[in-house]
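Just below sit the structures, each encoded as structure tokens.
Next come two complexes built around chain A: one with chain B, the other with chain C.
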Partner chain A sequence: MIKRGTISPRQVFFILIMLLTGIYILILPRHLVTIVGTDGWLVLLVGGFVSSLMLFFINKISRKFPGKTVVEFAPVVMGLFLGKLLGGILVVYYTFLAAVSLRIFAEMLKSVLLSDTPRWVVVVALVALITWIVQNGLEDIARFTELLAPIILLLLIAAFLGDVRYMEAIRLRPMFQSAALPLLEGFLSSLSYFGIIIVLLMLYPYVNAPKKLTITSLLALAFAVLITIGFFIGAVATFGIYETGRMAWPVIELVKMVRVGEFLERVESLFLSVWLSIAFINVSVLAFCSVSGWTQLINAENYRKLTYPIMLSLLLLSLWPRDLLDVLGLYSLNFTYGFLITLIIPFFIFVVSQFHKGEKNDVSNP
Partner chain B sequence: MVKKTNKLTKRTQLSKKNKEEIKADVQPISTDLQVNLDNIKEVFTKCSDIVFREFLIGYQAPVKAALIYVDGLTDKVAIHDYILKSLTLEARASKPNIELNLDDIYKWIEESTITVAEKKQVENLDDVMSGFLSGDTALLMDGWSKALVIGTKGWASRGISEPDSEVVIRGPREGFTETVRINTSMIRRRLHSNKLKIEGRKIGTYTQTDVVVLYMDGIVNPKIVKEVHKRLDGINEVDSILETGCIEQYIEDHPYSPFPQIQYTERPDKVVAYLLEGRVIIMVDGSPDCLIAPTVFIQFLQSPEDYYSRILMSTVLRWIRFIGVFTAVTLPALYIAITTFHQEMIPTNLALSISGAREGVPFPALIEALIMEISLELLREASVRLPGAIGSTLGIVGALIVGQAAVEAKLVAPQMVIIVALTAIGSFTVPSFAASIPLRLIRFPLMILGAIFGLYGVMLGWIGILVHMISLKSFGFPYLAPLAPLRISELKDVLIRAPRWQMMTAPQFRKPTEKPPKSFLRKPYVKNLKGAGKND
Partner chain C sequence: MSATHKKLLLLLFISIIFLSGCWDRKEINQIGFAVGLGIDKDGDNYQIITQMALPSLLEGGGGGDEPPVWVVGGKGRTVFEAIRDVNTRSARRPFWGHLNVIVIGEEVAKDGLIPVIDLLSRGQELRRSNYIVIAQGKARDILEAQPKLESINAIFISQLIENRTGQSVAPAVTINDLLITLSSSGIESVLPRISALEQESFLPPKKEEGGDSPEGEEKPKEILELRGTGIFKNDKLIDWMDEETTRGYLWVRGQVRGGIIVVENPSEPGANISLEIKSNKSKITPRVENGKIAIDINISSTFNLVENAGFVSVESKATMQDLRQRASEAIRKEVNKAIKKAQENKTDILGLGEHVRVQYPGMWREIQWSELFHTVEIRVNTEAVIQEAAMTLKPVTPPSQRSK
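And now, the complex of A and B:
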């Protein structure tokens, strides 16, 4: 078992931001535009607000059982069978998210940069590196994130600002034209999109100052909502809803248009390295959650032995869909039903845990 | 496998046995001088440099005595004038007011006649022997079961000179020498503080090398000192310590990593600065380098000059070094990746001129780059071993003539020569040689990755480098420290070089018992200066 209480709230902040504005932002604008048109920013905003409710549940239940991950305390609260079942669902969900992020990144890379390289080569190389850092532990992942996240965020903001001159407010109209049903669907999508913050349930015991996490995670969520809305509005205001709906990678197209002066064009390679780092961080964190989750689920001693089989299955899982459309079809499942996992499970555990006394053991000596 | 472990345990048992035997073998000093001398002479047969000098002290009832020292390790003037002369001529002339029992005579000799400052009483022959082997002089007297070891160390040593490997434009020109005492004196001269602790020990079964641990009490984190001592204790059984490099390999956290986790330096000013930052310094007799622990990677990109020259300039120079490192590691890989996979990224005019120049070059970009980079490394290695003048000639011949000829013979494209030259220049901006080697070598795997995966490979390579560097630790401290984990208050010595008056907050290695006063963080005299200007 890895030592707990070793990463700082600031590192968690960056991890959460990287997850929330990470890989799925590549496909989010198109998905939203096809459902609610220009009203995507509205559902994102509302989704962000409701997600803070989710954060509230996550923080409450994690604080009640300091030093324990959700997979460990769920059986205590819910009874062995139901607890293990809920933990298992979450772990499978992490694995699913990791595999899909990996594949989405690979598809993006293939279509933008490496059109001739076989997909598996790209994925295998990346998974090898991710296995390495997962073996090194969460502390290393957190440091890596902390090292690169500020640079990534600066570059993302710079890309947005660099595109402002192409944006036209008129393309954002008409507003508030969507019907109730599409609005609901968009709202659930955005809720599921922000639902990735549920990894916090696995990270909690590793943080050295858990008390600060409430404010940290809220800040991360707010920041991420801003960035996401920014990129959604950016894409729509630049391309209009019809073109955005037809593009494979609206966000990548957006950063492709950035020019520095008259001479420095085609900075998308820079942004590909940004997205490589994002993908690396995302998949590492999700894979870590998945690996440590499986370890705790079967009460194994050491997570290192489980890393290889799980990473291998992650690799196979990510190579399973045939093409991009399959991946997107798979992921739209998450857009539609993800909230069932990310909102309902914490809520359920929260409600049941109200009848439970909780534990007061020290985080530093679990 | 089983056999091997058996052998190993046998060996350790043997060596343990030997040690115990040696310990049990501690010879007491006999009251008969002749017996002692015979014993020592028997141990040191066929050692022509050991000098035995027998003589008499006093004239009424003379005491037989003997001096033993190693010729060449001792200061002969001191032995003649302050030991022999004092014990024979001056002792006879003085009229001590003591009774003539033997104990008082020995005491009188020890306390009143020998006119050398350093002396030590020892009680067994082994201490006598190790005493004179390290350059002191042993005095044995008949009828006395003790002996004196008198400090007469003095051997020919190199003078203090400017360290060649760490040249600065501004700053002291002194460098350490091979004698550890001279080195500690150079530290003490700069640091007149009772907080400076200098702990000594001997390591190496045969060499018995003096190893000295320096730190600032009250500033250093005591855990680091403890850890250093623990690691040094662990290597007590090695045969020999010839250089700090030997110790470095034993006590490093990750000896198989390409990156050095302990820095070495020849500059006393640098050592003092690091001591004040709360680090531990290890010095070894016989080596002009000393080790700094713990070390973070960013240290290798800092030069003492940064702190002596002006704020803005040193900040700019630091960024130039960062660019240099990035160039040295990545540039050839980027060139290969872009010319092989992503031609569309190059502006059209440049792409045309590159492809025009590459016309007739028979190799793919990777082979071309490998040829050039390997010949660059050859050249550099060759010129390191050559004396100055010839070395620079070789540089000119290699860089100019061979490069020119290779381009004309259409073996390589002229752009490649530019790229290779830039990587070489980039790697020379790293102030530390120890850190520039791994940076030079890392670019080869990156080039291969770039040739296989294109830009994606170069990025993967960088991520791999970072993953590795993040996992490194030096004495328990993360290697990429102020960057990952991020310590914003320490970035002022990484991304910029903050003014001196803002540098007084403690770096992570410091566990100061007293906090510096807040006024330290302001530039103390600015206000007064301005006020004075107005009043005048």
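And now, the complex of A and C:
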């Protein structure tokens, strides 16, 4: 088994922020603009608030079974069959998110920077590196994240500030013009977007001070909501809703506009290297959740043996869609139905666990 | 791990940076840096002109007569085909990341910008913050002109745009701005006009020194001028605005950043006073009165008094008040010209419709703004503040004019 109780709440904070503002933010503004136009910030705000409810369930159930991941305690609560089924759904979900973020990153790199490089070169290189760090365990991933995340966040804020001079407030108006149905769809999309925070269910037992995680995870969510709203407003105020809706990578287009003084242009290469680190962190965490999840699901002894086949299938899965449109179509499944997994499953387990006395004394976490 | 091992490992890590190659690498001596792009039409085909920088002539600067750019063209049914056609004539692959300016030929603009602009927004190398201008006549003449001061004329043009604030007689439009005005409802596009001239239009023609250039051969033009604006309806060029009208347009858009307004000295008829524009703010407020849309435009501006060509000092409260009146009257005149031009052409370049859309979104969905715009009542309110009189309090006055 992997050693548990080794990462700090601060590391979890950065991991969550990187997941919430990392790869999928690249396509978020365009998706929201096509549904609710200028009201995207509103659905993000409401979606963020409701996501804190999701965090409440996640924190409650995880604290009831200290030292256990969701895949381990779900069968205890729900009975063997249903528990394994729900755990299985979550593990498949992690794997899906890992594969899609890998591919989205590769597509972005291909269309922005390395147009002649075959996709598999980027993907295989990343997967090789990720396999190695997943083998080393969560602690390494967490430390790496803690080291890089502050720099990445600063650069993201710098990119936003560098574009302020192109922004015009009138492009954000008129507000509140969307009909009820699109608003609902946008709200569910933003809920599903923030749903990636469900990796917390897998990280819980590895944290050395689980009591602090409620505050930590809420802070990370609040911060991420701010950043996503910032980039949404930034994209719309700079490009207007029609242009944002036409772009493949609105956030990257924002970065491309940045100019330092009169002489330093084309800083996007710098930012793309930032996104390389983001992609690495994102996929590492998701792959770790997937690998350890599968291991616990089949009660395997050693997760290291499982790493290779899982990473290989991750690689093949991410190369499977034909082109960008296929990938986006695949991910739009998550925008539409993701909340069913990330909100309903924790809620369901939470309700049932109210009739369960829980485990207060655990060996690994006294 | 021993200390030597660690050092060795560190060395290996550092070498990664230097040894690694890159799949998409383009060696710098294999690409040509395109600094200017012009698009013209030739019958049904597009004709593009690119200016490629010649690095060998740029360094040292001793090249002499030859300009450090090479102007090369291409032809095709689409702009992209024309751009690729350049490759058949250029040994180096053009790289568009350092483009300074895009010049659209008048004919292309009259036929519509949409077929041209799509490519400009798609390309991964082209930047949305690039400036775009419209040529009076052919884009080719602009890019082949050889202005003084700057050896690369695309850089010359982009500097003209950046320094436009000296007179505020042309707007600055980036690809991003153009794409937004083309796709938004309630605002139409404009592009600054650039023209190539043989020589300054207001200087008497120079005597031809003869022998310098053989008869009949065209000499590249030497003067490039950024004045005035082309106005569009949808994506088609339909009319031009002169300098004054352009500044009227810029007043409404709140984009006047500098320039001079000349007014008569209130207490000395015939003597002119130059006021330098310091800042400009504009507020557009649409109103619905009896089911009809009316629009208020409030323009406020501040000035410095920089030149008094007469003898009579204006530094008294009453004359200053009078001067303010005259300045705001001058602005109103310019603004009214721009409004008249826009309404005559039935194209809302001022973006008034955008404010209607924002203020009355419900009403906006029911009206057809392009049919309505030229009938809308527009009220202009101008206000001028004269801040200070530079460093002098009184004008230059000969003894005979002084009051005893």
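By definition in this document, the second predicted complex is superposed on the first by the 361 of 366 C-alpha atoms of A that agree within 3 Å, B and C clash if a C-alpha of one lies under 4 Å from a C-alpha of the other, contacts with A are read in each partner's own complex, and residues count from 1 in each chain.
The rule is simple: a residue touches a chain if its C-beta (ideal position, glycine included) is under 8 Å from a C-beta of that chain, and two chains touch if they have at least 3 such contacts.
From a predicted model like this one, the values you see are computed outputs, not experimental measurements.
Participant: Report clash or fit for the pair chain B and chain C bound to chain A in the combined superposed model.
Facilitator: On the superposed model, which is not a single observed complex, chain B and chain C clash.
Participant: First (chain B), second (chain C), both or neither: which does A:L126 touch?
Facilitator: After superposing on A, A:L126 lies in contact with chain B but is clear of chain C.
Participant: Which of the two partners, first being chain B and second being chain C, lies in contact with A:N136: first, second, both, or neither?
Facilitator: Once the two structures are laid over each other on A, A:N136 reaches chain B alone.
Participant: Touching A:S277 in the superposition: chain B (first), chain C (second), both, neither?
Facilitator: A:S277 contacts chain B only, not chain C.
Participant: Once the structures are superposed on A, label A:L340 by its partner contacts, choosing first (chain B), second (chain C), both or neither.
Facilitator: neither
Participant: In the overlaid three-chain picture, which partner chain does A:L114 touch, first (chain B) or second (chain C), both, or neither?
Facilitator: Both chain B and chain C are touched by A:L114.
Participant: Determine, under the contact definition given at the top, whether A:V164 touches first (chain B), second (chain C), both, or neither.
Facilitator: Neither partner.
Participant: With both complexes superposed on chain A, which partner does A:L80 reach: first (chain B), second (chain C), both or neither?
Facilitator: The answer is neither, since A:L80 touches no partner chain.
Participant: Name the stretch of chain B, from among 436-444, 508-516 or 526-534, that runs into chain C once the two structures are superposed.
Facilitator: Looking at 436-444, 508-516 or 526-534, the stretch of chain B that collides with chain C is 436-444.
Participant: Determine where on chain A the residues touched by chain B overlap those touched by chain C, and list them.
Facilitator: Shared contact residues on chain A: 113-114, 117, 121, 265-266.
Participant: What part of chain A is in contact with chain B in the complex they form?
Facilitator: For this pair, the touching residues of chain A are 8, 10-11, 109, 113-114, 117, 121-122, 125-126, 129, 132-133, 136, 140, 142-144, 146-148, 150, 263, 265-266, 269, 272-273, 276-277, 280.
Participant: Which of the residues in chain C end up touching chain A in this complex?
Facilitator: Touch list, chain C to chain A: 23-24, 97-98, 121, 124, 127-129, 176, 179-180, 183-184, 354-355, 357-359, 361.
Participant: Would you mind writing out the residues of chain B in touch with chain A in their complex?
Facilitator: Listed in rising order, the residues of chain B that touch chain A are 341-342, 344-345, 347, 453-457, 459-460, 462-464, 466-467, 470-471, 478, 480, 483-486.
Participant: Using the touch definition up top, name the residues of chain A that touch chain C in the complex.
Facilitator: Residues in contact with chain C: 111-117, 121, 166, 170-171, 173-174, 177, 238-240, 242-243, 246, 253, 256-257, 259, 265-266.
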